[in-house]
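To keep things simple, chains are lettered A, B and C as they appear, and every chain counts its residues starting from 1.
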Amino acid sequence: MREIVLAARDVRRDYPVAGEPVHAVRGISLDVAAGDWVAIVGPSGCGKSTLLNLLGAIDRPTTGSIAIRGRDVARMNDADATRFRLTGIGFVFQRFYLMPTLTAAENVELPMAEAKLPRAARVARARELLAYVGLGARADHRPYQLSGGEQQRVAIARALANRPALLLADEPTGELDARTGTEMIALFDRLNRDGTTIVTVTHDEELAQAARRVVHMRDGAIVDQVLRRPLADAVPAPPHAPGTAQA
Amino acid sequence: MSLLPLLAFAALLQQPAPRSITIDERLADAAGLAVGDRVVLGTTPGGAGDTVRIAAITRRSADPSEVARSEFRVRLHLDHLQTLSGSGDRVGRFAVQSRDGAEPSAVAARINASAFGFRAYPAAEVAIETSATFRVVNRFHRAIGVITIVASAIFLLCITLLKVDERRRDVGALRLIGMSRSSVLRAVVLEASLVSLIGSLMGAGLGWFASAVVNWYYQGVYTTPLRFAIVTPGIVLFAVLLSLALGVLAGLFAAQRLVRRAPLELIGR
Amino acid sequence: MMLRLAMATLARRRARTALTTAGVAVAAAMLLDMVMLGSGMRESFRGFIEQQGFQIRLTPRGTMPFDSEATVGGGAALVRAVATDPDVVTVAPLLGAKLFSRTPGDSVVSAFVLGLDPAVQGDYVLVEGRDLAADDELVVNASYLAATGRAVGDTVQVAAGYDAQMRRVTGARTVRIVGRARFVMLGGSERAAAMRLAAVQAMGGRDRADRLSVVLVATRPGADIESVRRRLEASDARVSALSTAAALQLVDERLGYFRQLAFILASVSLAVGFLLVTTLVTVSVNERIGEIAVMRAIGVARWRIVAQVMAEGVALSLVGATIGMGLGLVTATWLNGILAAFPGLPAAFDFFFFEPAAAFRSLGLLVLCGIAAGIWPAWRAATLPIARTLREEAVA
């Protein structure tokens, strides 16, 4: 059996909007095994981004539990959650959100510097990751010198910096044109084949089709799940996969 | 001779019809004297003196040269002081009133030419001489004013720049939908001018209030009716116009940074 | 990395950062000037008084030194009596009077003359020539030489009194100018001269016989000055005794206005510096709210965000304060030049007095203000709701 990296149980998230409670997520349970790639799809406002924030320990559920690698992220205090996000989870955002004042390599180094990795080690790993996402030659460019697709590749490299157990991506192709979006999907596919566990939230049908499993949400609940490419029981990660989680 | 040290002693000596003097309110306060009291005046401590009656208590005039002086002041009839101090028929100075329309400096020059042993000065010249302290303080205040203007200009420029930067994207969007550079420029300059106009009017109000506090405080400290800070319409006009000019300049500087960039650059694409 | 990020953020908006730094620099300069002004007059005056080397001044009761023409008689006996006090080391008697000098053009110039004992005087510093050695010698200042058209070495006719009407002098004698000096306590434009005490007394005839204006008293090191002062004042009903502290108190009262102004302007400068830094850092945080939310999302700790935002404020105020220090010294020289014309103060009197400790304290205060200015925006940045901010930023 594969290890269950993520186990969400009866997760609810309510928040008030203009005094009225909004039930953004209503009792979702979801398991994600190591090496899996889950795409969460659904109409706007169905709660998929809220769910992703909950899974990533950015937000806390009103009730329910979320265990990542056996640790209940729903009960962590802020400092622990922050630390966990740094080392346990990689985030990719729709709008890339690179630090405009830092170079591509420095952007990738940022989480490693925060995790107190020695300078030499983080410089080497940043180069390795940028080469992996196909930007080896552009390490010293600043975000404004890169195209949207290139910025998103840097953001992916940054997300993988501390070898997270889980890569979370919120509409990673949302800001990209069709061709660049296809390239991005190929990159995600390669990452997943190399062993990275991925959860994406998307409107992009092509991206959803590439995932192993598609979870359909409506009104804060899972309404359907489609298994597209089942995981083999044990696929060892290739030795060079930069995104592989540490054991 | 008015500066001659006159020491006052409360006394109960009875003498026929004593001469009268006036003292200032500081001396009255310090020595506990009142109108009608009798005191002995002398030119040396413990020496022989003359018993006099306090006829009045005076308040200092609004004379800049006297503000910082703390000595007591006694006024006597001229002949009385001449007798008391043994200075015969000598006087320290004369005050001369000229005919209406006469040019004081010409009168002074004529007096100086016609006799020797003294010198005549027009009152204006004396006023300049005696208000030296205030002229120095005035120059000092002007210098502080210059520094303040520099500081406020920088502050205003900084704030205008920040405000413009903050709305970079909005302006970019407006430019994209067809707003001209000159419209953007006008809008920014107008806004900066309004901010400085309103600010300067508020500042004038604050200045008026501060001047009232300053006057109240220092008139108490120096026991003088002299006004230390005066807000005149001219000063308000100067402040408002200066602020307006700075506002327009700051607006122009900030706006030209905005309009020389392409709309797409402004919205960060 | 965080420091690099903070500095890069400041460098990203160069015009804005430069302007804020300039604003802080002007505020710092003003603050420094006002601190220099606040303590300057007092320290400057203390310097003069201490340079004279006497701790107590005896004056005719109820008067200030040379504030009036009052004198006290029996000077020699008074000096002898004061000298018997076990804590008194030196007694320097002084008589101030008017001195009328004839110019080569036969007009008469009036000056202030100090009668003193050159062996124990602290009123002038010799610049040229030699000190007084005989009764018919005169030490004068530059203004005197300029007004009388004389030079060191010249012989000049001086008098104690002058009747302008009759053009007649009284108590005249011929003396030789033996030295040029800077008179410590007198304004530079005042014409001043010094003679031996006996000569000044003798020139005034009966009116000045054995009379003194001021008696300067130096005490034994370690003596309790206040108790000596009280003893001296109690020993003779004709005199008041004034200690250095009391003299400083008088200066404080006379020039209190400047201290109050200094305090108010210093406070305003601090407030302006604080406001500038707060505004800039707040706007900078607002602009980067998305970036900050992302940093928090990828696991950057709260305190690191706080440190980064505060580093911006500290850097701005540090650089501003450093520039402001130089600027402040320049403006202080300028302002001091303006106030140098203040009437009735010694020529070398400084309104602005640079005291390194006070200067660094004040600039330290400004940097503290810079730190404080960063607290609110930093806290806002650190506590922003990550999920909501990201959502709102995505919408924007």
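Everything that follows uses one rule, which is that contacts are C-beta pairs under 8 Å (C-beta built on N, C-alpha and C of every residue); 3 or more make two chains touch, one makes a residue touch a chain.
Computed from a predicted model, the values in this text were never measured in an experiment.
The touch graph of these protein chains is an open line.
Summarising the inter-chain layout, the chain whose CA centre lies farthest from the centre of chain A is B. Distance between chain centres (mean CA atoms), chain B to chain C: 22 Å.
Between the CA-based centres of chain A and chain C the separation comes to 67 Å, rounded to the whole angstrom. Put simply, the C-alpha centre of chain A and that of chain B have 71 angstrom between them. Within the complex formed with chain C, the residues of chain B that make contact are 3-5, 7, 45-46, 68, 70-71, 116-118, 132-133, 135-137, 139-140, 143-144, 147, 150-151, 154-155, 157-159, 161-162, 165-166, 218, 221, 257. Residues 49-50, 53, 56, 58-59, 78-79, 82-87, 89-91, 93-95, 97, 99-102, 106, 109-111, 113-115, 158-159, 162 of chain A touch chain C in their complex. Contact residues of chain C toward chain A in the complex are 1-2, 4-5, 8-9, 11-12, 290-291, 294-302, 304, 386-387, 390-391, 393-394.
On chain C, the positions that touch chain B within their shared complex are 13, 15-16, 19-20, 22-23, 26-27, 29-30, 60-63, 67-70, 163-167, 237-238, 253-254, 256-257, 265, 272, 275-276, 279-280, 283, 286-287, 331, 334-335, 338-339, 341-344.
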